[in-house]
Structure formats: structure tokens, C-alpha cells
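Each chain carries a letter (A, B, C, D, E, F, G, H, I and J) given by its place in the written order, and its residues are counted from 1.
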Amino acid sequence: MQNSTQPEDLSKLTLLGREAKPSKKLETFPNRHPGRNYVVTLETTEFTCVCPMTGQPDFADLKIQYIPDASILESKSLKLYLWSYRNEGIFHEHVTNVILEDLVAALSPRWCKVTANFGVRGGISISVEAEYSKPGTSQP
Amino acid sequence: MQNSTQPEDLSKLTLLGREAKPSKKLETFPNRHPGRNYVVTLETTEFTCVCPMTGQPDFADLKIQYIPDASILESKSLKLYLWSYRNEGIFHEHVTNVILEDLVAALSPRWCKVTANFGVRGGISISVEAEYSKPGTSQP
Amino acid sequence: MQNSTQPEDLSKLTLLGREAKPSKKLETFPNRHPGRNYVVTLETTEFTCVCPMTGQPDFADLKIQYIPDASILESKSLKLYLWSYRNEGIFHEHVTNVILEDLVAALSPRWCKVTANFGVRGGISISVEAEYSKPGTSQP
Amino acid sequence: MQNSTQPEDLSKLTLLGREAKPSKKLETFPNRHPGRNYVVTLETTEFTCVCPMTGQPDFADLKIQYIPDASILESKSLKLYLWSYRNEGIFHEHVTNVILEDLVAALSPRWCKVTANFGVRGGISISVEAEYSKPGTSQP
Amino acid sequence: MQNSTQPEDLSKLTLLGREAKPSKKLETFPNRHPGRNYVVTLETTEFTCVCPMTGQPDFADLKIQYIPDASILESKSLKLYLWSYRNEGIFHEHVTNVILEDLVAALSPRWCKVTANFGVRGGISISVEAEYSKPGTSQP
Amino acid sequence: MQNSTQPEDLSKLTLLGREAKPSKKLETFPNRHPGRNYVVTLETTEFTCVCPMTGQPDFADLKIQYIPDASILESKSLKLYLWSYRNEGIFHEHVTNVILEDLVAALSPRWCKVTANFGVRGGISISVEAEYSKPGTSQP
Amino acid sequence: MQNSTQPEDLSKLTLLGREAKPSKKLETFPNRHPGRNYVVTLETTEFTCVCPMTGQPDFADLKIQYIPDASILESKSLKLYLWSYRNEGIFHEHVTNVILEDLVAALSPRWCKVTANFGVRGGISISVEAEYSKPGTSQP
Amino acid sequence: MQNSTQPEDLSKLTLLGREAKPSKKLETFPNRHPGRNYVVTLETTEFTCVCPMTGQPDFADLKIQYIPDASILESKSLKLYLWSYRNEGIFHEHVTNVILEDLVAALSPRWCKVTANFGVRGGISISVEAEYSKPGTSQP
Amino acid sequence: MQNSTQPEDLSKLTLLGREAKPSKKLETFPNRHPGRNYVVTLETTEFTCVCPMTGQPDFADLKIQYIPDASILESKSLKLYLWSYRNEGIFHEHVTNVILEDLVAALSPRWCKVTANFGVRGGISISVEAEYSKPGTSQP
Amino acid sequence: MQNSTQPEDLSKLTLLGREAKPSKKLETFPNRHPGRNYVVTLETTEFTCVCPMTGQPDFADLKIQYIPDASILESKSLKLYLWSYRNEGIFHEHVTNVILEDLVAALSPRWCKVTANFGVRGGISISVEAEYSKPGTSQP
């Protein structure tokens, strides 16, 4: 299309970042305050996956909360991780739990909760809240 | 009416969905994370039934929340179920409890709560909150 | 249903209003200030009709605004008029214009505008704004 | 007044309701789900009484919440009951408690709470929250 | 009633204001800046009158705006004036215009506008906006 | 100033209240429902005192909540009491506690809480919440 | 994944819609009120495309407004059309204009406006508003 | 008072600003972009003066807007200027205009507007908007 | 500090972006729809510069709007440009105009407007709106 | 720059504060109500530090809450303390905990909580909540 973005439009941009890829790898850095139970909350309004029945896109706002143990989640890797669902067919209730399980595996947190608010379908919106506690940790 | 929708208006529409019907059947699919107590919330601003005294329409916003056991509620069937109240004469307090009981029967959930906010009548709005817990399940 | 509203539930209610019916008749009373162009606005969040393609219910918030000439709209008759659409199959764009035309016929207003905001379908909401001016009347 | 509502303005209105009167009688209908503790909330922004000291009108938003036992409050009778305060001189703190007591007498509820938010006087607003529990009923 | 406000409750209050009465008199004080067209806005959420058909109370939020000429409206007198409608039976569209006309008579303003937003009846709310301009004054 | 309020501007105003004075006296009237623990909340956005360091004015929104025992606070006396701080130099944390202590002395309440939200200074806002419980009274 | 949606989860769902595909085809139905210039507004919070430089997903809220001439846009076809951008690399400013041009080609409207609000990147959000008018049509 | 701020509390504070005084002097600095008509807006929620009739404090939110000519208003001097009204008895409509006139005298702006929103008295709030234009300057 | 971020914390992060620098260079890409006057809006809540008098940091929310001619602003370069003010001492009214002038020089837009809302100082907030029009372009 | 703030612009400003410097010193004044556990909350929308990986600025809204023991935090010193992070490279999770620890060291409070809400990066926002309790003090 003549009226859309052309390859040569990009040729003089020197500051904008370069190519990235979706990834299932969640990176971490060390928690320097493991003596304290504190809560980290990450939120995005930019999650999308696909309905396993109709193949049509679904959209959600996500909230991820956790109490770190030894590791803190690096947020750029979370962005690439969430991107990896862009073409996956999965029900709302399933994907929320799967994200929780992947976070627990990567972070080994003391506590973690994932909340997903999906857009209206057929006049009805759906949200799902799932949480995990390491045995012996009280919830915040 | 000449100025309203005509049968031939529909003849070239190839993408829009086809006819549906109200139904009392609530369909489900399997819960793949039964080891975790998590909360699913469905909300709609499109519920209507009829006043049993005057026959006039009533309108409500509905919130349905539950902790699934083996089954998850499929939301299209919920839409058709709620549609089935369109011509039913029933008081606000009754219909909220009846919906709760139908959900409990269909889902056998660990916990379920129905909240209905009805529109203003005579300067007064009414909302009703009813909840159910399977014996041995603590509320979220 | 044993757990729903029973006929005998109504038997001791002496204050609640009695039966009403939908109606296409819009009643009016005299405008006592025809020397002034002033604006009357009626709003409801309780409009419903039916999709002419799928037969499923649609819901809208309606705003009706007009500058009266000799007549003012009585709002109880408007309620019964809007109720008359409950089982009519009609597209959003059509029904908004038809309501405007019925109001113009009943009120002969100097100016009139109907705004209808319909609920989300397929991730997309639709609103329609249609207005009429009697020749020689400037809009407010 | 020539420019105000005239008796003959009413003569052609066939749909609008007829005369009503304030009343201290609170009517009820049967609770069909007494096996469940559920909460009913009634709200109005249209309460007015009179200052016992100055005779000037006071205005409040009211919220009434209760867990029914055998009886459910019919809301039209509540409207007429609240109207009965229109000419009563009574302090904010007193009227909130008196309404609570009248509701408890009429409904014999398991729990009841009345919240009244009165408008600003002398730069200060006042709200009052009073609640009642039947012995052995825990609050919601 | 033993549990309501008693005459002796008032006996020790030395600071609270004394009795007032509703009044149709609108008082003014001089405009000290008549060389400038400026806008004064008075708002209240505490207006009530009576339905001329049913005798039931109606409630509105009022906004009064004007460009003063020689006189400015004293707001305590406005309060007593609005109180005078407490027992008057009058339709929404009529009372808004009558208030405008009384303000124009009392203030002789360059411009004046009255907006009244009445509460929901039968699922429908009504608001009325009426304005006046002295010949030769442009609206703000 | 010729363009400001002149003494003669006041001469024709017959309805507006007369002079008042700041006062440290908090007046009360009897609680007619001492058998019930209920909460009264008074709020104002019109509190001002002075910074003890710079002498500059400070401004706060205040919320006063209490459970009455034998006495209820008359709000006009509260207005005059709060006015008494207009020229007092006192830090935010101190004045909130002092107001709480004066209320406890005047009302002998079962419970009382004062919340003060002061405006931004140096990009930082400060709020203070202080509360009192009569021994043996649980907080609401 | 054992914990995600399985093919057999879908086997008992009889009510949920079947497969759909993205499409560039915008379908229409006849405008039954071409004698009136009225405005139709379609809004979605579910638009996504891809950054042409980095390949990463972008997300936007879209508002489409138009005055129909002979044709009205069918919203299900709009949904499939917007889906077609899911894998397209295109800058925000370009895609907003391209959507406008496709709508103008499909609808031949009297007036059309597209507003796209994209999410924050590098602490900066971008929105784009583009509009078209058929010669001789004034904007609403 | 033992429980209030003590002089010695101040003795170790080295950073908090020192004493200031109310002042009628409005200071300015040079406008470095006089070739452009641009708008500066200053807002405060901390204005107080006194009712000339009752001597009681009044409170307002103020918005000051202007198009500078040669001078820009320094905001610390505005703060001290507004403080100077703390003990002045003046009606709402008068003080808004007097502030406008003082700003015009100090800044000689191309355009200036003052908006004052005063708190509720007797259930009624008052706001005043006054503006000035240098001959030949169009309003923004 | 042992409890703060350590250089080795960064060593295993492979996905997070690398070092960047503030820059006065504003990059652009070609406008592919120059035949249409359309508006692009960029907003950030992350602008900071320094008070030229006290050296203390100031903070603002910025809105940049423009109608492109041949060039569109690349937003990553805008981010680095705004960063360049982090250590600059400059008054609010000056910096808003300087940013406008730099944008006009870099983009040669048909129209451009910069709005800056600075935080509260001394109880007063300041915002500045400055705009530019290429001769012969009407504002949006 | 000719169009920016000039040194001589400052020469006639007599009221604006003089130079200040960032500082790690947190000043206090005595708590005059140590017999009561009360909560002080300080909030700012003006915190900025630097990403330790990319060197780019980060921005946050901060909330600091504490129950004082013997000392109250002077807010001007807090402002200078927060300023000291302007050029520090530190992750969100680390800086929130470090601020908490510095406050605990300076104030020896009975309880303290720091909440930091950082701006969106890569479509994801991060907030961190950390709290401290002196042994034997219950949280508010």
C-alpha cells in the first residue's frame, strides 16, 4: 500500500529500538531485601490471546502481584512472555492459571496472584483471579 | 414501516451470526486447575425481567462470581439463560436467589455469589446479594 | 417454581401500582411558555429491542432532547412507548431515527434530538445521534 | 399563576398514575429463600425532613440494607413511609435511628443498617450509620 | 416519640440559628462592577416540589446562572424562595420557567439561565434548561 | 476601595444571618439511642490554621467520626470551634491530635477519630489520622 | 500443556459460535433515513497491530464516526476488518489514515472521522485523529 | 497547650522556610515570547476571605488565566497577595472582580480571566467568572 | 549500599534495553497522508526540569499536538529530547514556548500546540498553553 | 538561548525562595502525643531516579505512612532527601525498600510503609509496597 508505512520510512530512524521476539523465558534479578515480605505489582492493559473455539482474538487487562523470595521479575522479559500468547488458543480461566504457574516456576515467590479482566463478549465480561501461597506464608 | 429494518436489508450480510433462542441450559467445560481455589467473575449490564404485579419491564446489572470445582461456566450459554427471564414475572429478591440456585445446580461450585442492581423505581433503587458455599469451603 | 414469586405474594400489597401495557401513543400536556425556546431532556438506561438478524436482545441508553412548541411530552407515556420496542427486530441506526420521527409527529417540536448508546457486541459499541429542526429554528 | 401548571393541563393525561399519600405503614411480601442469609439494599437520593430548631428543610441520601427473615420490604410502601418525614422536625442522628427501629419492627430482619448522608450546613456535612443485629446473627 | 428529637433537646443550644420561613421575596445588593459582563452561578442539590397529578414529592438539582446588571442576588433569600415550592404542585417544565421569570423580575439581569435536573421516575429522568437575554446582550 | 463591598451594600439585606464569633465551646444535645453503638461523621473542606515556622496559612479537609455515648455534637458549634484555629500557629500532626482531645473532652464518646488532609507543600501532601477508644469499646 | 485448554474441552459446547477469519471486506446494509444527516459512532478497546521497526505489538482504543449516505456499516464485518491488522507492521499515524480511507471507500459516507489512542511507549502515549468530508457536507 | 506545637520544636529545623507576610504587591518577570499569544493558568484550592455581613470565613477554589504581554506573574507573590484577603470582609462577586482588576493593573495582560468557586452556604454554592480583554485582543 | 542495586544484578539480564543518552535531536519519518489535515497528540506525565531561582526540581505533565506537513515526529527521539531538560534551569512559561519552537523547527508542522501542567508550589499550580499556526492553516 | 530564562530575569524577584540542595539528612521534630498510635501519611507525585541498566529516567508517585514514636518527619527535609535520588541508578523494588530503611533509621517509628507507583515501561507499570513494624506494634 502506497499510503501505509514503507521500508524506507525506517531508514533514517537512529534512536528507535530494534527487533524483538516473543519468548517463554522469564528473567529475574536478585532480591536485595529478602528479610522483608513486600509486594510487587505489575499491570498491563495490553494482553491478547485467541479463543480456542472460534479462533477470534481475546483481550484482557492483567495484574500480577507477588511477594519475592530470592528473585525479582525483570519486566521486559514479562512483556515478551505475555507476547507469546498472541496466537495461542486458550480459555480465559485456563490462561490465568497457566500464567500463575509459569510465574511460580520462574520466581519461586512466597505468594503470587494473577488477575485477568477480559473484554465483553455477548454482553458479558469475564475476570479471573488465581493465587498461590508458598506453604507457611500468609497472604498480604 | 418503510423507515425501519426491512427483510431485504439482511440479505447481503454474510458475516453476522444467525438466529439464537433463549434457553435454561447452562453449559460447562472442564476446570483444568481444580487443585486451586480461584474466582471467576461474569458481569453484564443487560438483564431484564418483568414486575409480577404490574407486568412492566425491570432492568438490572448482574455480577456472578464463583470458585469452580470440576466445571467452568461457558458464557454464551449464560447469555441465553439470562435471556430466558425476559418475559418472566418475578420480584428482584426472588430472581437473584433463583439464578444462584440454578448456577449451583449446573456448576456444583465450591462457592458462588450473585449480585443484582436493579434500576430506580419511585426514587428508590434495589440491589440483592446472595451467596452459597459448599460445606467446608471458606469464602474468598 | 416453588422458590420464585407466587401469585399469593401479591395479595397483600395495597400500595404498589397495578398492571400497565406497552403503547405507541405519546401523550402531551400544554407548553405554558411557548414564547421561549427552552430545552427538555429525557434520559433512560432501560431501552431494549431485538436484533433483526439473530433475534437476540439489544440494550441501549437513550437520551431524548427537544425544544417544545405547543406541547410537552408526558414521561409515563414515553415509558410505555419505549416498552413497545421490546419484541421488535430493528437495527440500531434504524430505531434511533424511527423514535425521532415518532416524537416529531407527536410533539411537533421546534427541535428534537435522539441519542442511543447500544451495548458492546463483538468488542464494538455503537451509538447513533439523529436530530430534527423545524424550518427556521436554530439548534440550541 | 398563568404560567404555571393549570388544572386543565391534567385533563387529557390517561396514563400517568393517580394521587398517593404519605404513610407510616411498611408493607412486606414473603421471603421465598429464608434458608439463606442474603442482603437487600435500597437506596434513595430523595429524603427530606425539617430542622427541629430552625424549621428549615434538610435533605439526605439514604441507604437501607437488611438480611430478611420471613419478610421482604415492598419498596413503594418505603417510598410513602419516607415521604411521611417531609414535615417532621427531627435531628439527623435521631431520624436515622428511628427509621432503623421502624424497619426492624416491620420486617423483623436478621440484620439491618441505615446510612443517611445529609447535605452541607455551615460548611459541614453530617452522615449517620446505625445498625441492628438479631441475637445470634453475624453481620455480613 | 420517645426516641426522636424532644423540645428539651433544643434548650441548651445557644449557637445554632433560629427559625426561618419560606418566602417569595428575592433580595439583592448592588453590583459594583457593572462595566463588565461577568457570570454568577448558584447551584443546589436541595430543591423539592410536588407532582400536580399524584401529589407525590419531586426532587431536583438546580443551577442558576446570570450576568448581573445593577443587582446581585443575595443567596440566603434564594434559599427561602426555593423553599416556597415545597408544597406547590407543578410540572418540571413549568417550574423551571417560572423560576427563570421570577429571577428576571427581581434582578433585571443582562442574561439568565436556569437548569433543573429532576430524579428518575418510571426509569426516565427529566432535565429542563431555560434562558433569557436582555435585548442587545450576547450570551456568554 | 470603591469597587469592593461597601457598608451600605448590607443595609437592605433582611434575611442574611448576623455576626458570629469563633469559639472553643463545643455544644451538645442528648443522644436518644444510647443502647446502640452507631457512627456519626462530620466533614468539612474549610479548615485553616497557620504554619508555626513561617506564619503562612495552611489548609485542610477534616473528617470527624465518633460513636456517641450520652451526647451528640451540635454542628454549628463545631464550625465556630474550627474557626478558632484560623490564627493559631500549629503543626499538622499536633492540631489533629488536639482537635481529637477537645472532642473527647466535650463529648465523652465511646470512640472518636479525626482525619486531616493538608494541601501540598514542596510537592508533598500530609494527612494525619488519630483515634480514641473508651476502654471496653471496640472500634467500628 | 496439560493445564491449558484441550481439544476435547470444546466437544460438548453446542451454543458457542464457530470459527471466523480476519477479512478486509467491510459489509453494509441500506440507510433507511438518507434524508437526514445523522452520526453513527463505533468504538472498540480491542485494536492491535505491530511496530514496523521492532516487530512488537501495539494496542489502541479506536473510535469511528460517520454520517451515512446510502450505506450503513455492519459491525461484525468491522470486527473482522480490524482483526486483519493483527500482524501488520504499520506506524500509528499511517494506520489511522488507512482505516479512514478504507471506510470512505466502503461506505461513501458524507463525513467520517477515525480517532486512535495508542498505549504508552517510553513514557509517551500517541493519539491520532483524521477526518474526511464529502465536498459540500458540513461537519457535525 | 502542652500537647500543641512548642517554640522549641522549631529550634532544630534548618530547612523549613522562614517567616513571610501577606502583601498586595504582585511581582513579575519578563515575557521572553511576546510575539505569541499564549495562555498561563494558575490554580489554588486555598483562598479564604470573610463574609462582610456575618464576619464568618468564606473559602474558594480560584483559577486565574491570562495571556501575557510584557510581564509574567511570579507565583510566590500571588500567594502572598491572595493571603492578604484572609481578614477582608467582601462578597464573592466583588472579590472576584477586584482580583481581576489588580491582576490587570500589575500585568497589563492581553487577556485575563478569574474564576472563583465558593463553598456551599445554606445548601447553595456560588461561583463567579469575570474576564478582561485588552482592546484588539481576541479571547482564547 | 549493600541493599541497593549492584552491578552484578545486571549481568544476567539479556532482554532489557541498553544505555541511552539525552539528546536535542528530534527525528522524523515521512507523512504518507499530506493531503489531509489530521492531528497527532503525544502525552507524557514524565517531564522534569529545574527552577532557575532555587535549583530545585520541577515536574510537569506535557501534551504536544500538531498537524503534520511532510514529517511525523518519532516518539523515541522526543523522549530523549525531553530528557535533555532534566538539568536545565528554566521557568515554566519559558520552557513551554521553547519546546514549541524546537518542534516547529524540526517538524515544520501546519499547526502545533504545547500544553504543560506543572505541580503545585506554595499551594498554586501553573499550566501553560502555547500554539503555532503556519500562515494559511486554520486551527483544528 | 535568547528565548529562555535569563539570569537578569531573577534579579528583581524578592519573594521566591533561594537555592537549596539535595540531601540524605531527614530532619524531625518532637511528637507531642506519643501516648497514641496515630498515622501520618506523606504523598508526592514528584519522585524520579534512573534505570541502572539503561541510564534513562524513571518516575514514580510515592506514599509514605508511619506511626510516630518520639519523632515526626519534617516534610521539607523529605523533599530534599527524595531529590537525592535524581541521579541514582536503582531498580524500583530496591529503591522502595531503601527509602523505607532510611525512614526507619531516621524516625524510629512504631510502623512505617512505603508505596511507590512507577510509570509504564513496555506497556507494563510496576508498583512496590514495603512495610516495617517495630516488634510489639500492631499494624493500623
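Keep in mind that, in the parts below, a contact is a pair of C-beta atoms (placed from the backbone, for glycine too) under 8 Å apart; a residue touches a chain by one contact, two chains touch by 3 or more.
All values derive from a computational prediction rather than experimental measurement.
One copy, subunit B, sits rotated relative to the other, subunit G; on C-alpha atoms the angle is 180 degrees to the nearest 5. A comparison of the D-H and B-C interfaces places the larger number of contacting C-beta pairs at B-C. Centre-to-centre separation between subunit B and subunit J, using Cα means, comes to 48 Å.
Between the Cα centres of subunit F and subunit J there is a gap of 30 Å.
Annotation for subunit C: residues 3-5, 9-10, 13, 16-17, 20, 29, 32-33, 45-46, 59, 76, 79, 91, 94, 97, 119, 121-123 touch two or more other chains. Chain pairs that touch one another, listed by label: A-B, A-C, A-G, A-I, A-J, B-C, B-D, B-E, B-G, C-D, C-E, C-G, D-E, D-F, D-H, E-F, E-H, F-H, F-I, F-J, G-I, G-J, H-I, H-J, I-J.
On the side of subunit F, the complex with subunit J involves touching residues 91, 93-94, 96-97, 121-132. By the touch criterion stated above, subunit B contacts subunit G in their complex at residues 2-6, 9-10, 12-17, 20, 23, 27, 29-30, 32-33, 74, 76-77, 80.
Within the complex formed with subunit J, the residues of subunit I that make contact are 1, 3-5, 9-10, 13, 16-21, 45-46, 48, 52-57, 59, 83, 86, 89-91, 94-95, 97-98, 101, 119. Residues of subunit B that touch subunit A in their complex: 29, 31-33, 36, 38-46, 68, 72, 75-76, 78-79, 140. Per the touch definition, subunit H reaches subunit D in the complex via residues 59, 119-123.
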